[in-house]
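In what comes next, subunit A is part of two complexes: it sits with subunit B in the first one and with subunit C in the second one.
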Partner chain A sequence: MERFGFLARFARNRGALAGALMILVVALAALVAPLAFPIDPLRIVGAPELWPGEAPEFPLGTDSLGRDILAMIVHGARATLLIGLFASAVATLIGVSAGAIAGYFGGWIDETMMRVAELFQTIPNLIFVLTIVMILGSTLTNIVIAIGIVSWTSIARLTRAEFLALRDREFVQACRAMGMSNLRIIVGEILPNALPPVIVLSSLVVAGAVLFESAVSFLGLGDPNVASWGRLIGDGRQLIRSSWYISAIPGVAVMVTVLCLNLIGDGLNDALNPKLRDR
Partner chain B sequence: MAAPLEVRDLRTTLFTRRGEMPAVDGLSLTVGAGETVALVGESGCGKSLSALSIMRLLPDPPARIVGGSVLLNGRDLVTLSEEAMLKIRGQEIGMVFQDPLSSLNPVATVERQIAEVLMAHTDLSRSQARRRALELLEQVGTPDAARRLDAYPHQLSGGMCQRVMIACAIACHPSVLIADEPTTALDVTVQAQVLGLLEHLQVDSGMAMIFITHDLGVVAEIADRVVVMYAGRKVEEAPVDDLFEAPLHPYTAGLIAATPVPGAQRAQRLADIPGMVPPLNALPTGCAFAPRCKRVMDVCWKEKPELTQPAPGRMVACFAAEKDAA
Partner chain C sequence: MRVAPAGGSSRRLAALRLLRRRLVQAVPLLLGVLIINFVLIQLAPGSFLELMTAENQVSDPTTVELLRKTYGLDDPVWLQLLKYIWALAHLDFGFSYRQNMPVIDAILIHLPATLLLMLSSITLAFVVGVAAGVVASVKVRTVWDSLVSIAAMFFFAAPSFWLGIMMIVLFALKLGWLPVSGMATIGGGGGVLDVLRHLILPTLALGLFYAAIYARVMRSAMLEVAQLDFVRAARAKGLSRTKVTLSHVLRNALLPVVTILGVQMGTVLAGSVVIESVFSWPGIGSLLFDSVSSRNYPVVLGIMVLGSLVVIVANIVVDLVYMWLDPRIEIR
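Up next, the complex of A and B:
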């Protein structure tokens, strides 16, 4: 019954529903990519610079080297979604742990952790990501880690605020009176109460991570073995005046995906925020 | 057999920016097996702080136990490590709080709340814990207990929530139960049910119980002995019948006079005690009750009265009562 109510509240936000359906399509594309396009999408398969519709075997045309753009887009969806999800997972993991500890224990622990978070926030995000990727090397894993390291601070602040509000509630004291350890109280009792807004923020971090990855790949620092959307945009930029579709198609893909992820975030907020529930 | 709980000269001080405040000042208290001791007093006189001190649940800073001992089955809790206290709380001392709805985790089902306590202290598996939770719910008199297991706190009534809290508190058979105003937030009829339940559980298990309340009607109902507190100190202790029959301390007399009696003439105003409990950082040098006392004497302003024992089982800290006895 509870679950059903959650879905109904989510679906009442039309934008969120559309976003979720669109992301589902992207996810499906990512899932079937190796079946639909079994050969490496980075292989040259036809004549270069075929416009979309020009050749029936390449519905979205080919790029400057003669690679199938549709195959690269579909395979790119895989890389893009994976990076988005995992980067958000890394950021949420770091952010929730740090925020929970800071908010629950307070005092000098809180002070120290929040100063560290501020330190991270003072560095411009994109430059920070690029720096980490340059140092660690351009692999998918490293890009995920870099984006996670840059994005955890906002999640940590939110989690901390929730914990600060919850830790003095009576039920927490009751738990302590029943002899539960701090770890048990943090993970088992307070976290489930603090989670809804954090989930919303995490879903928005996924969108941010997709943009970060695109920027990194556009600048040529992406994983050279992976056809990510940002890299396609970057590859096409020299031909932007003649064959603009090479950059535009992955550009639209990035835009639509990020928009849909944001819509989902809004929908989650509507569905999870008890203050908006009766609107 | 030694009493399960013996508090000796417990002192808890709040260290704040406005100075040191003696929140609990030399409290001594013994609760025998199967006995109920009521801790009575107005708001702000240190009842709850005493209970939390016994549980070692006060946040440090600002609160710190600066003296005395709390002997639970012979072990001094004041000197125990935090890890050792984790095993004691919930296992050897249970606690029930005032507002049952806010004392339960709003996002956890009844089953999970009880199971969490069981799993923190025993090696029960999830399914064993669920069965035990059901038994406990039945034991605290929950109608339709099997269905309530999967309910969330907001789906239950206040009385039901308090039953769940009590089930959590007694889940591991503690030898001492501290009930901090467990019926204050409940309807009068439900209040009677919960009091009946606590008494019943106590008879079954022989728990020692500290019952904190400001409601003398409840005290008369459930307590064996009464400890009256004022400004962090014990001012009177007596068996419950003696206390109501012949209160020795003017404060106790005032509290009893301020309790409405059914059938009394309506025109008759309730006798209140003028003034308020003094703030802990501005306690008078003499007796803390002196500014509000009807029987105040010169000596009351200068010296703090010590506890004396005018009769077996009775204690009082008051110069006027000493004069009466002499």
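Up next, the complex of A and C:
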């Protein structure tokens, strides 16, 4: 019943519903990519620089080398969504741990954690990501971790605020009186109550991570074995005079995906945060 | 003789106090940046010395020996860290063989162009975002409100570098209104107007993303402030709606916008680096990519440190603006 209420509240935000449906389509494309386009999307299959609609077998045209843009977009959806989700997971893991510890224990631990968060907000985030990837190598894992490392601060601040508000409530005091360990109180008692707003923020971090990844691969520092959307935009850049569609199409894909992820975040916010509900 | 009002001088004092506290706080922040740099160097495959000399394959034994000494590579790690911090505290970021000049000089040559792009983009974002937010809140639940919402949604989702490329296609290649790239026309005198013409597209590409954020924040802040008691009191006093909106509501609604502007300084700097690569803008972005692709680590690490410094200074400026807007708050 409760779950049904959540879905109903989410669906009442029509933008969020449309966003969720669109993301489902993208995710489906990512899932069926190897079936629908079984050959390597980076293989040359036709004449170069065919405009969308020019040849029926390539609905979105071909790029400068004669590779099928539709196949590359569909395969790119995999990389883009996976990197976005995993990077957000890394950021959430770091942010929730740091925020929970800071908010629960307070004092100098809190002070130190918040200084560290400030430090990570000071370092220009993308420059930091590029430096990590450059020094440690352009692999998917490194890119995911690097994006996670620069994206956790807002989640940590929010988690900390929630923990500060909850840590002295009666149910927590009762747990302490019963002699529960700090770890059990943090993970088992406070965290479930603190989570709803954090989930909303994590969903927005996915959108941010997709943008980050696209910038990293646009600049040529992406994983060379992966045809992510950002890389396709970068590849098409040399040809904007004759064939600007090569850059335009993957950019639209990024924009639509990020837009839908943001809409889903708004919807989750409406559905999960009772304070703002019915506003 | 004119006597300064008491309020003015106490505010100046408060501003000075804030400035001093911020400068003190900046020290551990910069130290943190240096330590992160150092950890990255330690994590890198190969020794620090190899990293420092990788570019141009420096094999001259005296140079290698000099670097060995400067960075104390035979010392224990903690001593190496201290020496590294000591060197950087003296602005000794090493020597860039590629530019054939000290790293600090190479960066300082490129910094002004980046600062110009950052400043123009933030200004654009602030003016457009605040104006759009005010319009949306005054005309709430009308076509204008929806238009602002939709535009904000799109610019918040579009990758800035892609937006830049698309604007080049439209405004430079198809319409021919504005230059494709660079900061000045080659051999074209290079007056202020020329630079401004080159500045328009990169500013839009970088600034519209932030304008979208500020428009959304401004709209909700305006709507929230408009419900507060003092606004009703001002209206009851007989002030016109326009006057109340512009002088009472606007000023207070600006506070959250200024706050996030401060938080985002680092992102703006990083974003400008990407935009610079799209428009061949001669800022630290071009230096960064050149250094990344040639594995010129000292320059990259130097950019991290100086970039963080720029962010810290920009944050102090934002704090002072905040204080001017809201005299009640003494920022800690």
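Keep in mind that, in the parts below, the second predicted complex is superposed on the first by the 277 of 279 C-alpha atoms of A that agree within 3 Å, B and C clash if a C-alpha of one lies under 4 Å from a C-alpha of the other, contacts with A are read in each partner's own complex, and residues count from 1 in each chain.
Criterion: a contact is a pair of C-beta atoms (placed from the backbone, for glycine too) under 8 Å apart; a residue touches a chain by one contact, two chains touch by 3 or more.
Note that this is a predicted model, so its numbers are computed, not measured.
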Inset, instruction - Sticking to the clash and touch definitions up top, decide whether subunit B and subunit C on subunit A clash or fit. - result: fit
Inset, instruction - Using the touch definition from the top, say if A:253 reaches subunit B (first), subunit C (second), both or neither. - result: neither
Legend entry - subunit B versus subunit C as contact partner of A:176, first or second or both or neither: first
Inset, instruction - Considering only the touch criterion stated at the top, classify A:126 as touching first (subunit B), second (subunit C), both, or neither. - result: second
Legend entry - subunit C versus subunit B, contacts on subunit A by residue: C
Legend entry - Which superposed partner A:102 touches (first subunit B, second subunit C, both, neither): neither
Inset, instruction - Return first, second, both or neither, reflecting whether A:198 touches subunit B, subunit C, both chains, or no partner chain. - result: neither
Legend entry - Partner chain in contact with A:71 - subunit B first, subunit C second, else both or neither: neither
Legend entry - Contacts of A:134 with subunit B and subunit C, given as first, second, both or neither: second
Legend entry - Smallest separation of CA atoms, subunit C relative to subunit B, angstrom: 20
Legend entry - Footprint overlap on subunit A, comparing subunit B with subunit C: none
Legend entry - Of all residues in subunit B, those that touch subunit A in their complex: 55, 57, 85-91, 94-95, 97, 99, 102-108, 116-117, 120-121, 165, 168-169
Legend entry - Touch list for subunit A against partner subunit B, complex: 169-171, 173-181, 184, 188-189, 192-193
Legend entry - Residue ranges of subunit A in contact with subunit C within the complex: 115-116, 118-119, 121-128, 130-132, 134-136, 207, 211, 214-215, 218-221, 230, 233, 237, 240-241, 244, 247-248, 251, 254-256, 258-259, 262-263
Legend entry - subunit C - residues contacting subunit A, complex: 28-29, 32-33, 36, 40-41, 43-45, 153-154, 156-159, 161-162, 165-166, 168-169, 173, 263, 266-267, 269-271, 273-274, 277-278, 288-289, 292-293, 295, 297, 300-301, 303-304, 307-308, 311-312, 315
